[in-house]
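Got a structure for you, written out below as structure tokens; questions coming shortly.
Order as written gives the chain letters A, B, C and D; numbering starts at 1 within each chain.
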Amino acid sequence: MSGNSFGLLFTVTSFGESHGPAIGCVVDGCPPGLALTEADIQIELDRRKPGTSRHVTQRREPDTVEILSGVFEGRTTGTPIALLIRNQDQRSKDYGNIADTFRPGHADYTYWHKYGIRDPRGGGRSSARETAVRVAAGAIARKWLHERYGIVIRGHMTQIGEHHIPFRSWDEVGQNPFFAADNSVVPVLETYMDSIRKSLDSVGARLRVVAENVPVGWGEPVFDRLDADIAHAMMGINAVKGVEIGAGFDSVTQRGSVHGDELTPDGFASNYAGGILGGISTGQDIEVSIAIKPTSSIAQPRRSIDKAGHPVDMETHGRHDPCVGIRATPIAEAMLALVLIDHALRHRAQCGDVRVETPRIPGHIA
Amino acid sequence: MSGNSFGLLFTVTSFGESHGPAIGCVVDGCPPGLALTEADIQIELDRRKPGTSRHVTQRREPDTVEILSGVFEGRTTGTPIALLIRNQDQRSKDYGNIADTFRPGHADYTYWHKYGIRDPRGGGRSSARETAVRVAAGAIARKWLHERYGIVIRGHMTQIGEHHIPFRSWDEVGQNPFFAADNSVVPVLETYMDSIRKSLDSVGARLRVVAENVPVGWGEPVFDRLDADIAHAMMGINAVKGVEIGAGFDSVTQRGSVHGDELTPDGFASNYAGGILGGISTGQDIEVSIAIKPTSSIAQPRRSIDKAGHPVDMETHGRHDPCVGIRATPIAEAMLALVLIDHALRHRAQCGDVRVETPRIPGHIA
Amino acid sequence: MSGNSFGLLFTVTSFGESHGPAIGCVVDGCPPGLALTEADIQIELDRRKPGTSRHVTQRREPDTVEILSGVFEGRTTGTPIALLIRNQDQRSKDYGNIADTFRPGHADYTYWHKYGIRDPRGGGRSSARETAVRVAAGAIARKWLHERYGIVIRGHMTQIGEHHIPFRSWDEVGQNPFFAADNSVVPVLETYMDSIRKSLDSVGARLRVVAENVPVGWGEPVFDRLDADIAHAMMGINAVKGVEIGAGFDSVTQRGSVHGDELTPDGFASNYAGGILGGISTGQDIEVSIAIKPTSSIAQPRRSIDKAGHPVDMETHGRHDPCVGIRATPIAEAMLALVLIDHALRHRAQCGDVRVETPRIPGHIA
Amino acid sequence: MSGNSFGLLFTVTSFGESHGPAIGCVVDGCPPGLALTEADIQIELDRRKPGTSRHVTQRREPDTVEILSGVFEGRTTGTPIALLIRNQDQRSKDYGNIADTFRPGHADYTYWHKYGIRDPRGGGRSSARETAVRVAAGAIARKWLHERYGIVIRGHMTQIGEHHIPFRSWDEVGQNPFFAADNSVVPVLETYMDSIRKSLDSVGARLRVVAENVPVGWGEPVFDRLDADIAHAMMGINAVKGVEIGAGFDSVTQRGSVHGDELTPDGFASNYAGGILGGISTGQDIEVSIAIKPTSSIAQPRRSIDKAGHPVDMETHGRHDPCVGIRATPIAEAMLALVLIDHALRHRAQCGDVRVETPRIPGHIA
């Protein structure tokens, strides 16, 4: 497998290039009987789609999804669900000049050396456009997780460049173009992003994603730990350079007497673990944080080389996000959903639906 | 698969509990013809084994490896290589009091809820003892990678608690018990660790792992990116809470004009990418950094509950590492080797051994 | 994975129902640089498509394939190749009466009990229509196998009902509607099939598939033997009830002194092994034979039950093949191609492209 | 994966050579809580072990199994179960002369060309000795299947050479050295086998394996059909050349009006399908039949070549089964158990433990 499938039991196989006829995926392993329409998927795609504010790419893509299979009379049948999104706004001319050169920070150079051939139109397969299909597949996963377990997966931006964004309320995340959980910082961010864009530059971001109501007991002990699979999922998102679970890098300076979350009859006393111990969910919130690098496509000149090895100056015009982190929240949420549903299914494969009855902690979240 | 196998083509299947008869693994997919003896593996196991200084657990385990199959007259045959390490020093009595309670920060609670049964002796499968088999399997991988491509994989500790440890020389890493790349800081670290131990506490650490001479073109574009698989591998190590590739979380505040490594006829001008673009190796050094939480087993009393949900005070005696990060360097190196060999084999499956001839950058590292 | 993907390294993920909007697949792992157009695929689809003679179903499906991704300027890029075939002739009304009953010999009963829901239109996912995507994916595999290794994969019908069909020439296979390798038997077969059809009945068939020029050394020794994977592929075709490699069931009465193919300096002296020893190709022709059951959909009344368990009489009208074996030859060829390309890639992953130089048998086929 | 693992969710990874230190396997994915001791496994190994009659190899191997992990206080814990069988009777001198030549009908030639190296002692990895670990792993699977679902898996020999063996009673299978379900034929078979052995020859066999009480609904619709996976499992047994499900090759001459099993309120009226429709179990008995080729190692001279391509005469002495089919029944049963448990777990992953309530056929076997 050349790495275009995700998940062992709830398997998403992605296809498509940025400027080819279409992108899409096949979702295999979805439990039967889930109510599902295109609208359930479209609502998530619309959260990610380009062109919604001046702070993101101005490419016009309606990202309209078509369900090709696996659903009968509004319910999943247990067979593969194929999702198709036709590409609309393919201004390949914007990219024509890059066929023989390598954009700094892009995959042009590595694709070329790997395959000896690459589709240069809009970055081809390496384009962030591919992430739309993850959001689409994730929409199915999160619907099932919510209906069956009440799981809620949400994310927000916690930092953009130097600006830390405090958490005030989940409700505010959808009320501004930055996925900020505090509307009061939005004017500052808008000014900041305008200045970044005017300086023909880009900037990085940090996001937090949380899953609530995950039952205790999901995950596997050794290699495919829940946190390991989350790290795989998150680092597999374009531009992500770092992943943390719970306390993350802060745990380096913590003492064991602080970090190790104590248990009480009323539940855990803290959540430095981020909801995962020994690779298995504790029933607390799953807490993930990711770092997203600044967009590589910027309009100021940069040094590069062409295929012959000769130096060239590159200015990447076209329609790019000045901060790819802005539209990344729905993607990170989707990837977390895909990890969770896969482990939900793995868990019931090995341990059954009805967990062995054990004394439970009163008041515990699970 | 319940998560005890790692790698698609070079597959390591791990087994064994801390205080059972043995731990070990099966390595399937090793190319034939590699010269291999138990000594090649033992040398890596000895770097990780307990009891080598007062700063690590005093458990006495020689960790002697036996090759059970897959090697004939000193060479791998292409068939599965089974490695066996018998457990020797199993003082289960040290752990007897924990069968009915859950140690804070440990997997006791999650295993119990997942399986309805757990082997409490020394943490059973969740013990860091399991990582010995990763080091053993990794020894095979790194030998092949080195012989065939000249790849060198090395790691060192960059921080322990509040103490940052500068890089001076790879040579010094093996000369002190901390895997520090600067011997001059060792006295300070020793005093620091003595005080941590005396306060019945533990502390976290940060490690850096580097792979040199990785050819350009390894990795897959979408889900199984080289960096995603590295994140999976690293977060799958016990106690790891964060993973960074290249600039990692520093990329949040970087500008695109800085982060995007420029290309010149003499090679890349910087390596903020950490040797990976679009999920595929660039030929530069692969740069990884990980955060390791403080040891959860500490001898000071902590609040917990028993299986019945009643509150208990836990003091975890026994022989524990005051900083599990100290012995983690060989493990992280091994996991990086396992990721790289798997992608080496994936690459030649799809793209062949002889890469398509492309203009190469003069002086480039690849 | 719910069983809709085939192959570890050259992975085909199939989707689609008989009367849904479309069927198709994603091919992941195709080596880059292969010249590929829709015509390369269409030619194989046309060999399988319905409506080409009075002896097969009269459903009108042009089976026009669209390549959605993975090909740039006429060459594969190494990224996933998505293939789409829109369904055209969906006379669902033909099938409306079967939504609440179970057709004997069909998957209606098992799907219903497995999923609690099923798409009854034309058999939904269990329809032989799904095999079109296997033929499409197989067309890519056989093109690569032929260009790189000169491998030729061909099949023909060797028996239909009581009629054994001798082998005269590969050339004749494409000259009659039965995939018979002897045109002289065609009049007899036509009369035979007309009488079967008039009696409102159906009949089984036996096919032979051969792969020539397969290099020695493909296959894995234990579970994923080349013959085991071929058996998996063939028994995975709708209606197949038996698979033989080489001498097959005749080997039961053979003596070892006959069955064990002797080796001479000029090559093997016989091929009872069918080109595979110890699960690995010998360089001789791969010889496979399969049994295909009679079509389950027949127009004469049969006993069955409805969902409530009450007895019903079923007459399955609609447009059905009186012998599903007739159109199965291209499918069996395609599946053999999919197995071979997967093992070709596995082989070069583990053993490299350049096989270790060994003394070879002069005149040997490999 | 180089083909030494079997099963997606209940995964057996096999290792070991015939004359190496040991053979064994790791079983990953076994549900927790199953009562399991070495005796449960030993009883199945003893049914397969050599030296039990004059009609099988006289190699003396006690095949004593040791459980190395995954079991605590007599119950499986959900973690990997490693099984170890030390080799005892390794008369490698018997085989010394074959290091530079290729035995007809053996894997010597193909291993050599695949890997460029092979372990010639006793056939190394290609020895039927490897099948002991399948029997061991299968013993765990069948115990779980029986305890949870009441599934019974049994096999018997139906033909040896020209001798058809009728079915009289399951009870008689264990009462004679041929796994014949009719003791009255044993004297004839003994005389027959003595004559085969005296003529320095060997002969093939045919076996039937049946699984009773398999619930309706196990299996996947397209590639990983239950019958396809059974075919993979059976053809993956050394020396198997053919596999049939239900009517098998007899279905070629059957009419659809006969083959398609009618349904009645009291259950199916026949079982030509062999308990599987559309790749999914029907609740009837799973019926499998396999052909096993005559042993390749015979003591009469045969033509072969050496590594240099020069002609040689081979007489394979040593201790060989004159009919490898005799000891194959426990192996085929074990493989069927491994397929069934894997699909049991897949089924409950996707569809849950509690099947959707559907009207059931009164008196039906499921």
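Everything below uses one rule, namely that a contact is a pair of C-beta atoms (placed from the backbone, for glycine too) under 8 Å apart; a residue touches a chain by one contact, two chains touch by 3 or more.
These numbers were taken from a predicted model, which means no experiment stands behind them.
Among the remaining chains, D is positioned farthest from chain A, on the basis of C-alpha centroids. When the interfaces A-C and B-C are ranked by C-beta pairs in contact, the top one is A-C. The geometric centre of chain B is 45 Å away from that of chain C, both derived from CA atoms. Chain C and chain D have CA centres that are 26 Å apart. Centre-to-centre separation of chain A and chain C, using mean CA positions: 38 Å.
Shared contact sites, meaning residues of chain B that touch two or more other chains, fall at 1-5, 8-9, 14, 29, 32-33, 78-79, 114-117, 125, 221, 346, 350-351, 356.
Remark: chain B residues 8-9, 29-33, 78-79, 221, 345-346, 348-354, 356 touch chain C in the complex. For chain C in complex with chain A, the touching residues are 1-5, 8-9, 11, 13-17, 20-26, 28-29, 32-33, 66, 68-70, 72, 75, 77-82, 84, 114-119, 124-125. Across the complex, chain C is touched by residues 1-6, 8, 14, 102-107, 109-117, 125-126, 130, 159-162, 196, 201-206, 216-225, 227-236, 238, 241-265, 269, 272-274, 276-283, 291-298, 300, 302-305, 307-311, 346-347, 350-351, 355-362, 366 of chain D.
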